[in-house]
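Shared between the two complexes below is subunit A, which pairs with subunit B and subunit C, respectively.
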Partner chain A sequence: MILTVRDLEVTFRVGPWFYRRPIVAVSRVSFSLRAGEIYAIVGESGSGKTTLAHAINGLQKTSGGEVRFLNKKVDLVRTHTIKSLRRHMSMIFQDPVGSLSPRMRVGDLIAEPFIIHKIKRDLKEEVHRLLSLVGLSGDFADRYPHQLSGGQARRVGVARAIALDPQLVIADEPTAGLDVSVQGEVLNLLNDLRERLGLTMIFISHNLHVVHHIADRMAVMYLGRIVETGRTEEIFRAPAHPYTATLLSATPNPDPDKVRKRISLNSEVPSLLNRPKGCEFHPRCPWVQKRCSRETPYHSNQGQISVACHTPLQPGTQPPSA
Partner chain B sequence: MNVLEIQNLNVTFATEGSTLRALKNVSIDIPKRCIVGVVGESGCGKSTLINSILRLLPENGKIDAGTIKFEGHDLTKFDLSQMKTVRGSRISTVFQDPMSALNPVLSIADQMLHIQYRSKLRRKEKQEKSIEMLRRVRIPDPESALKRYPHEFSGGMKQRISIAMAMMMEPALLIADEPTTALDATLEVAIIDLLKELQSQIECSILFISHHLGLIAELCDQVIVMYAGEVLERGTAHQIFHDPWHPYSARLLECDPANQTSRTRQLPTIPGEIPDLKAIHKGCIFRSRCQYCEDICTTVPEEFGINGHFVRCHRKSQ
Partner chain C sequence: MNSTVTTAKEGVMTTADSQFQLNPVNQRRWELFRANRRSIWSLWIFLAMFTLSLFAEFIANDRPFFVWYDGQAYWPVVVDYKESDFGGPFPTEAVYRDPWLKLHIEEKGFALWPLIPYHHTTVDWDLNHPAPAPPDASHWLGTDDQARDVVARVIYGFRISVLFGFILTLLSAIIGVGAGAIQGYFGGWIDLLLQRFMEVWSSMPTLYILIILASVVEPSFWWLLGLLLLFSWMGFVGVVRAEFLKTRKFEYVRAARALGVGNTRIILRHVLPNALVATITFMPFTLAGSVTVLTSLDFLGFGLPPGSPSLGELLQQGKSNLGAPWLGITGFMVIGIMLSLLIFIGEGVRDAFDPRKLFR
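Showing the complex of A and B:
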């Protein structure tokens, strides 16, 4: 295993100083990653995806559990280990242009990781190698970030992330905000790099359909917890958690003549300050039963899928009619 | 009957040393009680189109030619105060960021009363109308919601409130510019359902702008496909989604990941870049990226159409 995350928890304190309250943004998250695998984390905004990524990368203090990367504990206190960690685990950040310093040229941006980690290479050669790996011509090295289109900026972000041959890349919403014609380009690039370089990757997205084409396995997060995880294809074929089923049905079909069977939710996402009792999805769940508001469901296996639900959906289940 | 008729609209922006042609010969009709969707990727001129209708173009922007007829009057001839009257009552808007319509320091009640300042109703009746509107957009407990401030609501709720405010004066035309782009998928579809319901109650028309093909397919009766400032194709939702004539429309549909129901490693894309709108272009604007490009494409294609389905492409007009 390259990465093992066990019972990871991140707590923030929110509110004014006289009324600080803790919110648990990531709660008891566990999973592990094999080399060469792409693992997707999906969930609506605020479900804790970015916080989880930062906790794994050592950018965020945790309040419980542990992260082991290449058999070493990720420990924020030991700056020495953090630096070597960053060398082998890189991030592609959510905001493509904003995460690139505006006054640096693309060439310098791509060379930066070598300089930070004091790795002696022919930088010019490395920049050209990396540019061509992400499908940009050599003259992009002289451009500034604002002279790039959204898709090109993402490519530069990818080039930086793979510069030092990392063991693990964490990509936080790498296709969000891109036009559909460009979104495919970025996904194809990542798929291609995975094949050529054997990349291991955590792929974060709020878009289930994007995940379908890239991830081997996936996890669905709700209020900071993983509610369902398993092989991507199986979850798409037969989601076991009602929340996953809802997300899948929420994508409108680009066909005006199709009859829609949409699962509608009863309310909006609850606040982390006020987590529902029992199963935290129960106030919105169309299949809710009495015990759901009292007992917390634990993960159990249904086929190859692990799901936290008292009555997981069976393949082909229809939503109850209102 | 059409609520809005745009004919040969040309809009340019003055930029350092050159002129950028943001809209070129754009013609659009919005029939009464019809939901018309505009699809197109970023930079194709969607916001410029809306800002031209509302006469809210940035200072360096200018309508060079064309007419925008709304309920029979040409808006390009209106002065500022006439435009203000139209914007407040006959045309209303919903934007991507609900806070662009909401005032953070006023209670919801004050803002909803303010919108009705032209109405002859008494204060109590206006209040009741506000509550009724909030109920229609499904804000829980609308009486107490009125007393609250925008920041006390979630993003999805704020967008519902801004829709309630936009629909309050029963406009003839609602312009919605990417109203769901900042929302999660489950909320997106809820907003779409809501717009559909309100539209049929109020019997207004909607100009719905989005880059999200699935939403357009679900909501709209008619669809306009824009690219680099031009209308390439328009027709009914059925025509555009089932039988796209323009190579760009067809390719765009293929690119939608929701259209790839089985898993693929190689997703379709549209190679190349949107042309530089500051340069002068000869012929078809999509030609540099078109897989069917031929010699004839260096000449401007005429618009060709039958049964309300129109396209600008030499492959159809030949």
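Showing the complex of A and C:
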């Protein structure tokens, strides 16, 4: 196992000092990752995906649980450990242009990992090698981020992330903010790099098509918890959690002949400050039962899928007509 | 590191000069600055005046800069000679304005005098008028009440004011930017404490404290610089702190941290360049402010040690010798022109760095 996340919890405190309330953004998240695997994390905006990614990298203080990467604990307090961990774990951030320092040239940006980790190489050569690996010509080394298009900036971000042959790449919505054709290019690039370099990746997205295309396994997050996790094909074939089923039914399908029944949800996403009791999805769930509002469901196995639901959906279940 | 990556590129036309070329943004800034005729003229005039004043010893001095005596060359501005070197009776320092020595040198060679044959300390004993003497052919702007040439004092005074301003601005910028960067980047308690400290510190009546301190220590150039520095650095903190508070949450800072970049490097390489624009925009105005403070201290008599060429002291003399208007008028004109030039340059810099104009 390259990465093991156990009972991870991230809590923010909001409000003025006399009325400070905790917000649990990530709650009891556990999963592990084998080498060469692409693990996708999907969920709505605000479901804690990005916070989870930051917590794994040590960018975010955790309030419980632990992250073990290469058998070492990711620990914010010990700066030298975390620096050595980050040598092997890199991140791709949501905003392609915004994650590149505006006053540094592309060449300097890509060379930076080598400099800070004191890896003696011919920097000029490395920069060119990495640029060509992500499909950019060497001229780009002299450019500033604002002179790049979104897709080019994303490629630079990828080049930076794979510069030191990391054991793990955390890609936080790498296709966000790009138009569809560029999204495709970036996904092909990632797929290609994965085959060539054997990348292990955590892939965060809210785009289910993309996840289907790239991920081996996936997890679905709702209000900071993983509600369902398993092999991607299994989940796409027969989602076991009602929330997953809803997400899948909401994905636009390019085939006009295929009629799909949309599952509509009852209400808005509840506030993290006011989590529902019992199963947190129950106020919105079309299949809701009495015990859902009282008992918190724990993860159980349904075939190859692990799901947190009292009455997991069986393959082929139709939503109750409301 | 910059050079290893950017210059060494084969087959690219910009190879050789890419290191020395301004990047496109700075090129555009320079164009914008040049397009502002008032600013660019002010810059050239100021630079010319400043460069000339740096060589004040060769322009206004009480010794010739070259003496040819008895088949030998002498450089009195650079080297101190004894009177005995020119055939005088005593091995004391040569006084070239002494009529006897003048004549003596003329006999066996010649002396090349600066344009204004007075140093700022030179007292002219041969005045036809009681000091302060009005302007005439030998003293273009007259003399002050101690019979010293006003032109010479103005040249040296300009130099010392500008140098003082430059050094003070530079040191304030370094301390202020450092403090602002630390406050903004780390935030939290550090920010809170430093901010409160600055509120207390900045509410001190600066001028009174300086006057009190000036009565305790004999104020020299460096003492004054240190005393003024105690308060002037705070001007830079605000802008830099704001920039850092804003930028530290940006994704590229997170991205750098996720790569394992340390705080120092993030501050210096990733965040500081953004804050520098605000700092540079600020600097010409701080420079003008520093010059003004020095002048006002000199005017009040708490500034540079007595005898120093200072514009404030000239103004003070103008005030106490109302019958000699050339003193007051000269002081006013020099200070007025100098500050106007600095402000014009500052305006040009400010506009050139304005992002709204930059990308139009």
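As a working rule, the second predicted complex is superposed on the first by the 315 of 322 C-alpha atoms of A that agree within 3 Å, B and C clash if a C-alpha of one lies under 4 Å from a C-alpha of the other, contacts with A are read in each partner's own complex, and residues count from 1 in each chain.
Following the convention adopted for this analysis, a residue touches a chain if its C-beta (ideal position, glycine included) is under 8 Å from a C-beta of that chain, and two chains touch if they have at least 3 such contacts.
Fair warning: this is a prediction, and the values are worked out from it, not measured in the lab.
Participant: First (subunit B), second (subunit C), both or neither: which does A:Asn274 touch?
Facilitator: It touches nothing on subunit B or subunit C.
Participant: Is A:Gln314 in contact with subunit B, with subunit C, with both, or with neither (first, second, both, neither)?
Facilitator: Once the two structures are laid over each other on A, A:Gln314 reaches no partner at all.
Participant: After lining up the shared chain so the two structures overlap, which partner does A:Ser149 touch, if you call subunit B first and subunit C second: first, second, both or neither?
Facilitator: Only subunit B is touched by A:Ser149; subunit C is not.
Participant: A:His212 in the overlay: touching subunit B, subunit C, both, or neither? Say first, second, both or neither.
Facilitator: Touch partner of A:His212: subunit B, not subunit C.
Participant: Now for A:Ala250: first (subunit B), second (subunit C), both, or neither, which partner does it touch?
Facilitator: A:Ala250 sits against subunit B, while subunit C stays out of touch.
Participant: Contacts for A:Leu123 in the overlay, against subunit B (first) and subunit C (second): which applies, first, second, both or neither?
Facilitator: second
Participant: Would you check which partner chain A:Arg87 touches, where first means subunit B only, second means subunit C only, and both and neither mean what they say?
Facilitator: So A:Arg87 only meets subunit C here.
Participant: Residues of subunit A that sit at the subunit B interface in one complex and at the subunit C interface in the other, please.
Facilitator: none
Participant: If we count contacts the way the header does, which residues on subunit A are in touch with subunit C in the complex?
Facilitator: 54, 57, 59, 79, 82-83, 86-87, 90-91, 93-95, 98-105, 107-108, 111-113, 115-117, 123-124, 127, 138-139, 141-142, 144, 147, 157, 160
Participant: Inside the complex, what are the residues of subunit A that reach subunit B?
Facilitator: Checking each residue of subunit A against subunit B gives 44-45, 149-150, 179-185, 187-188, 191, 206-210, 212-213, 232-233, 236, 246-247, 250-257, 260, 262, 264-265, 267-269.
Participant: Residue numbers of subunit C touching subunit A in their complex, please.
Facilitator: Residues 1-2, 4-6, 8-9, 12, 14, 18, 23-25, 250-252, 254-262, 265, 269-270, 273-274 of subunit C touch subunit A in their complex.
Participant: Taking the touch rule as given, give the residues of subunit B at its contact with subunit A in the complex, in rising order.
Facilitator: Listed in rising order, the residues are 41-42, 140, 154, 156-157, 184-190, 192, 211-218, 220, 237-238, 241-242, 251-253, 255-260, 263-270, 273.
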